[in-house]
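Chain nomenclature is as follows: A, B, C, D, E, F, G and H, assigned in order of appearance, with residue numbering initiated at 1 for each chain independently.
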Amino acid sequence: MKVFLAEIIQKVYQQKITPDEALKHLQDFPYQELSFAKVDHARELRKGSPEVIFGQGKTPEQLIKIAKAILEKGSNLLITRLSPEVYQKIKRQLPGGTYHKEARCLMAVRTKAPEGKGRVVVLSAGTSDIPVAEEAALTCEFFGNEVDRIYDVGVAGLHRLLNHYEQIKQARVLIVVAGMEGALPSVVAGLFRAPVIAVPTSVGYGASFHGLSALLAMLNSCPGGVAVVNIDNGFGAGYLASLINHL
Amino acid sequence: MKVFLAEIIQKVYQQKITPDEALKHLQDFPYQELSFAKVDHARELRKGSPEVIFGQGKTPEQLIKIAKAILEKGSNLLITRLSPEVYQKIKRQLPGGTYHKEARCLMAVRTKAPEGKGRVVVLSAGTSDIPVAEEAALTCEFFGNEVDRIYDVGVAGLHRLLNHYEQIKQARVLIVVAGMEGALPSVVAGLFRAPVIAVPTSVGYGASFHGLSALLAMLNSCPGGVAVVNIDNGFGAGYLASLINHL
Amino acid sequence: MKVFLAEIIQKVYQQKITPDEALKHLQDFPYQELSFAKVDHARELRKGSPEVIFGQGKTPEQLIKIAKAILEKGSNLLITRLSPEVYQKIKRQLPGGTYHKEARCLMAVRTKAPEGKGRVVVLSAGTSDIPVAEEAALTCEFFGNEVDRIYDVGVAGLHRLLNHYEQIKQARVLIVVAGMEGALPSVVAGLFRAPVIAVPTSVGYGASFHGLSALLAMLNSCPGGVAVVNIDNGFGAGYLASLINHL
Amino acid sequence: MKVFLAEIIQKVYQQKITPDEALKHLQDFPYQELSFAKVDHARELRKGSPEVIFGQGKTPEQLIKIAKAILEKGSNLLITRLSPEVYQKIKRQLPGGTYHKEARCLMAVRTKAPEGKGRVVVLSAGTSDIPVAEEAALTCEFFGNEVDRIYDVGVAGLHRLLNHYEQIKQARVLIVVAGMEGALPSVVAGLFRAPVIAVPTSVGYGASFHGLSALLAMLNSCPGGVAVVNIDNGFGAGYLASLINHL
Amino acid sequence: MKVFLAEIIQKVYQQKITPDEALKHLQDFPYQELSFAKVDHARELRKGSPEVIFGQGKTPEQLIKIAKAILEKGSNLLITRLSPEVYQKIKRQLPGGTYHKEARCLMAVRTKAPEGKGRVVVLSAGTSDIPVAEEAALTCEFFGNEVDRIYDVGVAGLHRLLNHYEQIKQARVLIVVAGMEGALPSVVAGLFRAPVIAVPTSVGYGASFHGLSALLAMLNSCPGGVAVVNIDNGFGAGYLASLINHL
Amino acid sequence: MKVFLAEIIQKVYQQKITPDEALKHLQDFPYQELSFAKVDHARELRKGSPEVIFGQGKTPEQLIKIAKAILEKGSNLLITRLSPEVYQKIKRQLPGGTYHKEARCLMAVRTKAPEGKGRVVVLSAGTSDIPVAEEAALTCEFFGNEVDRIYDVGVAGLHRLLNHYEQIKQARVLIVVAGMEGALPSVVAGLFRAPVIAVPTSVGYGASFHGLSALLAMLNSCPGGVAVVNIDNGFGAGYLASLINHL
Amino acid sequence: MKVFLAEIIQKVYQQKITPDEALKHLQDFPYQELSFAKVDHARELRKGSPEVIFGQGKTPEQLIKIAKAILEKGSNLLITRLSPEVYQKIKRQLPGGTYHKEARCLMAVRTKAPEGKGRVVVLSAGTSDIPVAEEAALTCEFFGNEVDRIYDVGVAGLHRLLNHYEQIKQARVLIVVAGMEGALPSVVAGLFRAPVIAVPTSVGYGASFHGLSALLAMLNSCPGGVAVVNIDNGFGAGYLASLINHL
Amino acid sequence: MKVFLAEIIQKVYQQKITPDEALKHLQDFPYQELSFAKVDHARELRKGSPEVIFGQGKTPEQLIKIAKAILEKGSNLLITRLSPEVYQKIKRQLPGGTYHKEARCLMAVRTKAPEGKGRVVVLSAGTSDIPVAEEAALTCEFFGNEVDRIYDVGVAGLHRLLNHYEQIKQARVLIVVAGMEGALPSVVAGLFRAPVIAVPTSVGYGASFHGLSALLAMLNSCPGGVAVVNIDNGFGAGYLASLINHL
């Protein structure tokens, strides 16, 4: 942006353009710059220009329109929270995308995203947590990270977790997904050194209160190195893990 | 009770007492019997006659009065939730008792309680959970159980728990005390076979919400074999463990 | 496990195997052992090898696959939270099982489980609590316990409970299931000596808040000897009762 | 009131007063009337003119000022939620009053209130609930009702309640005070026919959540005939019981 | 009951029966008596023998079976929370009943219930609260009370309430039904002298939290004379109002 | 109202009407007046007589009946919370109305409402918040206000908000609609001077708890000048904005 | 701001400054502008330059330092939430201020604030709500508004409110302060036409849950024209009322 | 560890030790190894051996004992949540430590920790959030990170945040601390690219519910790249930021 501003001023100084012409160029300057800066950000961050649409609560028409705009710019496309029903309605209009049923994501990758520096390991406590874990894992992959998936290693059978000790130790970032009592992130953070992004899920019944129980447990995690995202927010965990893994 | 009723009727049949005298004896019969039955219960259950006073919210005068009544019957005495301040005020009147500062209990054991069949192992996640764990452990001992204490073995350092693997395996009943994320009972129930009585504590801050977080986690415990008592209810856990250990 | 380790070392000492071969055998040793220990547990605990599947949230395909694996090992099978709709879809593939509609369980018992030492008595406060009570009772039976069912004896008509006084007194373990105000476990624990496992149900409306009201009441139970499992968790109560009854 | 309006209009018709004078008399008519009606109410309701001050949160100066105004009108005086500390500060200024320490009430009765038609029976579950129960009982007495107190008859020992069966059966209105699991009103309403006013107390700890647990239990009371007032609101229960007992 | 006991003893004294025969008669005595007492209660209370079934959560088969048993005894029948769909399935089997669609009640009255002493006035804040109000009103009528219905008089237009001032003043008992902010019972209790039974409804959206907002408001009602039943519990309010109106 | 009273009294004084006739006119006077006053209010406030129906929970028959009554008086009509399904059922009976699908409102404006003094600007954080924002905007327009809509300017991309800096600065009243973290009203109130009416929406998932998260955030807004309405209450915000804009 | 930019460019064009000098002037341009705009805002808004300090949680030293800085600029000073204890510590350093004990505010007004256009009327439901109401009223006065205080007019005695009918009708903005059931704003909004800013207070006990009950009631207010601020936030209500009253 | 195992086996193979001796060496092998691994971890992670004590709830004696043990090992020392009162009691025994009053931390750094790769920027919304922010910042520094502090840049005055645009842009990790509405992390994550660790604080009153409001807002953060730690958990945020910054 500074370059742009400097050029304008240089031209004024050289009297190649009049002050009025300069002002016209600059008229939305402060807000525009911020806007540009932001776009700039995005460009640096997500080389290959991936953009993400939160599919839930959008109509098929809206989804098609936004997705086409992204694809026309030649960007990669990720739609999260896309139900199979809505996918059926839009798939003809969006050829070239792959729909991941379990994670309920649609992806179309045209340009490989810049590679993350290490591996992200995604763990899930139970099999019912897999859809959220998959959303996290696919998000990581979409943004250029290599991902290991280790599922169904909850605290009910700790040996299952320990069997993957060496593999988990290799992770640069850990995503730990659990419902019910939400104890897995605490156990993992007690055993391993990588930063842990904890994802509570709404899996459970009764006093799980749709994920509240797991959420609170994770926030109160005794070992250090754990931070928490919203209930069922696989995308948020994957996106943050990618940010960290690209540092 | 039936014996009592049979005797009355026998005496009537033998005309040793009149129907009116019989009715007078029997007038509060149904409730009385229940009352007797209850006392009977108590007697069988707690041979050596231990009785327990919940000290919190009682004045020194009330405590002394109730405690003396118990001691005069020759029974064992346990006062829980007795603050050091109140203890100072009553100790002269209750000679022969031992005050456990950490658990805030006063105990006076005159007759050994009937022995439990196995060992109760009491685990605590952190050092701050020890007062509640001690209340549980002392309650168990008061009711005639041998107790192993294994403290500060929370999930932040799982190896500390595993170091006690063999000892925990010997338990007939497990009491697991934890605050914050309350994950320890789930981990323990996943590794060991004995029934687990989980005690959430109010240890923590922020989103622990005075023990709510730990409570919910324990109720949602994924492995089977766990049941939960009220927050900070060490006595309740110890009493239940004793019931089970005397089966 | 120690036997296994000793054998390996003996063979090395006798130079029947080389150090490299020994290390290969031992390479996943610490985790493997834990894993073996766990299986060991399971074997001792559940002679006749019953295994349990939580049916809710699993697809028919997943259920059939897991169930077949269990049956092929010759184990007993219990699927809980199995809706009639899903049962219709899987029943052809799992011949020999009995579906309990009210408790929404599928059971296939091939080898009798080891017998519990006493009787488990399951009480329910209302008729609407029966599905949860049945899940508890069937779970107990699946694990080898004799069960008495006493239903619809809530505090609205205490005489109904008292009519079963003698029968309840015989119980080694009590499971008490109640929704709404959740008062029954407190009343039962005040009258009887056996340990009480309290199961809150989501039966009720308005300020029952889907079982929260009953849950809180049970956690605050004034008489000792009560512990609580998750809302509607009949299986958890039955499993814990069986653990205690096999002590 | 209609009489008052008719008189004014009659006087206007007879030209004893001018329209302007009439309007002056009538200017605050609608509100005034309501106000009069209200006072009327009060007078009819509480013959002997008892008035009640909620003491909590008022300064000694405010209390003295309001109390003196009431006493000067010759009315009876009841101050609730009056701490011993504040009582010490105001007692000299309010001679003739009796302070009830446990219920934290000050009463000065000059004229006997009109008698209620039957007896109000106040039950409390535990000894810690007695301050709230006493507030209820004294309020009843203040408004002219005969009161039976039956304390410490909670569900932990049901026989204690049943021992008072006949006495409770005589009640025209029942007030049932309980903390912790709040089960007593349900049990009482299941056994007796009189309307039950349930008062949850903040007695308890942990998951009692300062009376929330008892409150919810009482609202979900399974047997009919129960209504609930605010946590610790002994005055509210006593006042309502008196209203009903004077019907 | 005492008569029964006296007769047995008299027969023993007269040696018309042996002690063993007497004991056989008396064996379940304490519980039996309670049971009889209870039935006795019921009979006195509900002359004409009305019995009530909570329809929600019961199958058509269960409803028909219970209802027929009641009708065969010649009793009056009230089924509450009966959806139109279920009513369609059972109506042929239960001729002679009247279905009230709005209140979702089925009633069959064969013998007039004993008359209440005064009028019950049922007020509702909004039109959406009418189903709950109607459940209350019909319950009152079922138990023999005359009922005035005054609907849609919420605090948004206070004049609507005041227009019914005289009529409300005649009530012996008031039932006030409101959702949303739940302010109407407070306003009514401030204006009128009769006891107020407040019924919060789940009418509202957002921060009404399914009736929690109205419930809390009613529990905190500033003017005295208000007690509260569960959210949407029209039956409970009607039943309690009838108890009071028959005093 | 005073005029009305004065006229009656004047007529009595002049003996044009008898006292009885006067009383008949005046019989419901106090309440009537209030009622008139209220209507008066309404008339002044909403010249052109717009009336509003809350459509949710009303049957098609009820809606048609109320709407026709309004239209027959020649008033403007606004039905909020009208689902497309119900609209289909009533539209033939209510010709001349325009249905706004997104805001789920039906409007029929016959007489232009009195104009507000400035512009109301309605901002929404996301596209999913638009239905609530539209309800607010249409309500404002219905009551005679000019409205600017600025949608999808949430804090995730602050530059989008700043791009509208000048336009927002012109607002006399701001309505800010947001779900999820509900941060937009705080940001807006920190930047602009107009009063902000904040509307939390139920948009979100997991720990948004159906709008609770946004609601709490808005209530805790750090910059001054913000007040909050119920979750999803677009109408309430629009109505209040109109009141302020007509001052 | 545009002027500032135009001037710089003009100077460059006239070569009075070099491009580098221009860039230095402009380097923080977008943020700087925003910052200036803000100050500008403040100046316009609060002529006489009043500034407000939230006293709670600040040390006496911090308060003195900030207050002196404000006073040295010649501005008016308002410190809210200033406890008497802290006031004692700082009063010597801040001569010329008036401390309002009940509202816990310190005010020093040097220049009269610009006058609001109408009157603000502040109503409180009870006497215990007065501190919050006073904070609101004094805030209004500090910002140049004339205020009427009408206290202790809660719904327990509606006639007290109606007695002030004419006075309230004159208000341009209404602030309604209430704790407990929080019903007063709904009643006021149903009777009067001015916008209502509702302030829930933490006055109450038990199920008032420190103001939650009143807060929820106010958010669910049935009549339109009500918006809500945080619990006990008298300042926020006063500030918003002033904004509206200066429109 | 494998080395250790290989050596033992080699010695057995070479018959330098007997199988029994080998088994004795290996007997606690699996748990021991895990334990070693953990220590290993710690050593790698925190070169210079910093160890951290959570001071809250520990007695002065406990603190001195643990701290001395750490210092004797030559490690760095950090005690968090150390009140000034307790610090006074222990400071003589722990010479060489620096007490940070605002953050309530005691630090003694003997060996410089390994340097983080970039800068951590800690932002706070208000001045009252500074203690928590300082705890985070000091924790970062203790673990070897360079930290920029930017305090009091909450959303009430966005320009203050934007004034630090360039400085914040340099951050490798961002810690954002806020109470009340908790909006700052969302705004920051919308503007900057670094991962954001959000720390809700208990700063606020009323509906902030001791930090719940800020916590929920942060969990629902609309822009990606945000994860949340417990309320007031400055240490947790600093520790996690350090982990990330050392990647």
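The criterion applied here is as follows: contacts are C-beta pairs under 8 Å (C-beta built on N, C-alpha and C of every residue); 3 or more make two chains touch, one makes a residue touch a chain.
Bear in mind that the values here come from a model prediction, so they are computed numbers and not experimental data.
Farthest from chain B in terms of Cα centroid separation is F.
More than half of the contact pairs of B-D, counted by residue number, reappear in one of A-B, B-H or D-F; that pair is B-H. Centre-to-centre, using mean CA coordinates, chain A is 25 Å away from chain H. With centres set at the average Cα position, the gap from chain F to chain H is 50 Å. For this pair, chain B with chain F, the centres built from the Cα atoms lie 60 Å apart.
Residue positions 30-31, 34, 37-38, 157-158, 162, 191, 206-208, 212, 215, 219-221, 230-231 of chain E each touch two or more of the other chains.
Contacts between chains, counted with the stated touch criterion, involve the pairs A-B, A-C, A-F, A-G, A-H, B-C, B-D, B-E, B-H, C-D, C-E, C-H, D-E, D-F, D-G, E-F, E-G, F-G, F-H, G-H. Interface residues of chain A facing chain F in the complex, by the touch rule stated above, are 28, 30-32, 34-35, 37-38, 56-58, 62, 200, 202, 210-212, 215, 230-233. Chain contact summary for the complex, chain C toward chain H: residues 2, 5-6, 9-10, 12-13, 15, 18-19, 22-23, 26-27, 29-31, 33-34.
By the touch criterion stated above, chain B contacts chain A in their complex at residues 125-126, 154-158, 180-183, 186-187, 189-191, 204, 206-209, 212-214, 216-223. Those residues of chain D that touch chain E in the complex are listed here as 34, 38, 41, 44-45, 52, 117-118, 162, 165, 172, 191-195, 197, 215, 219-221, 224-231, 235-237, 239-240, 243-244, 247. The touching residues of chain H, counted against chain G in their complex, run 127-128, 157-160, 162-163, 165, 203, 205-208.
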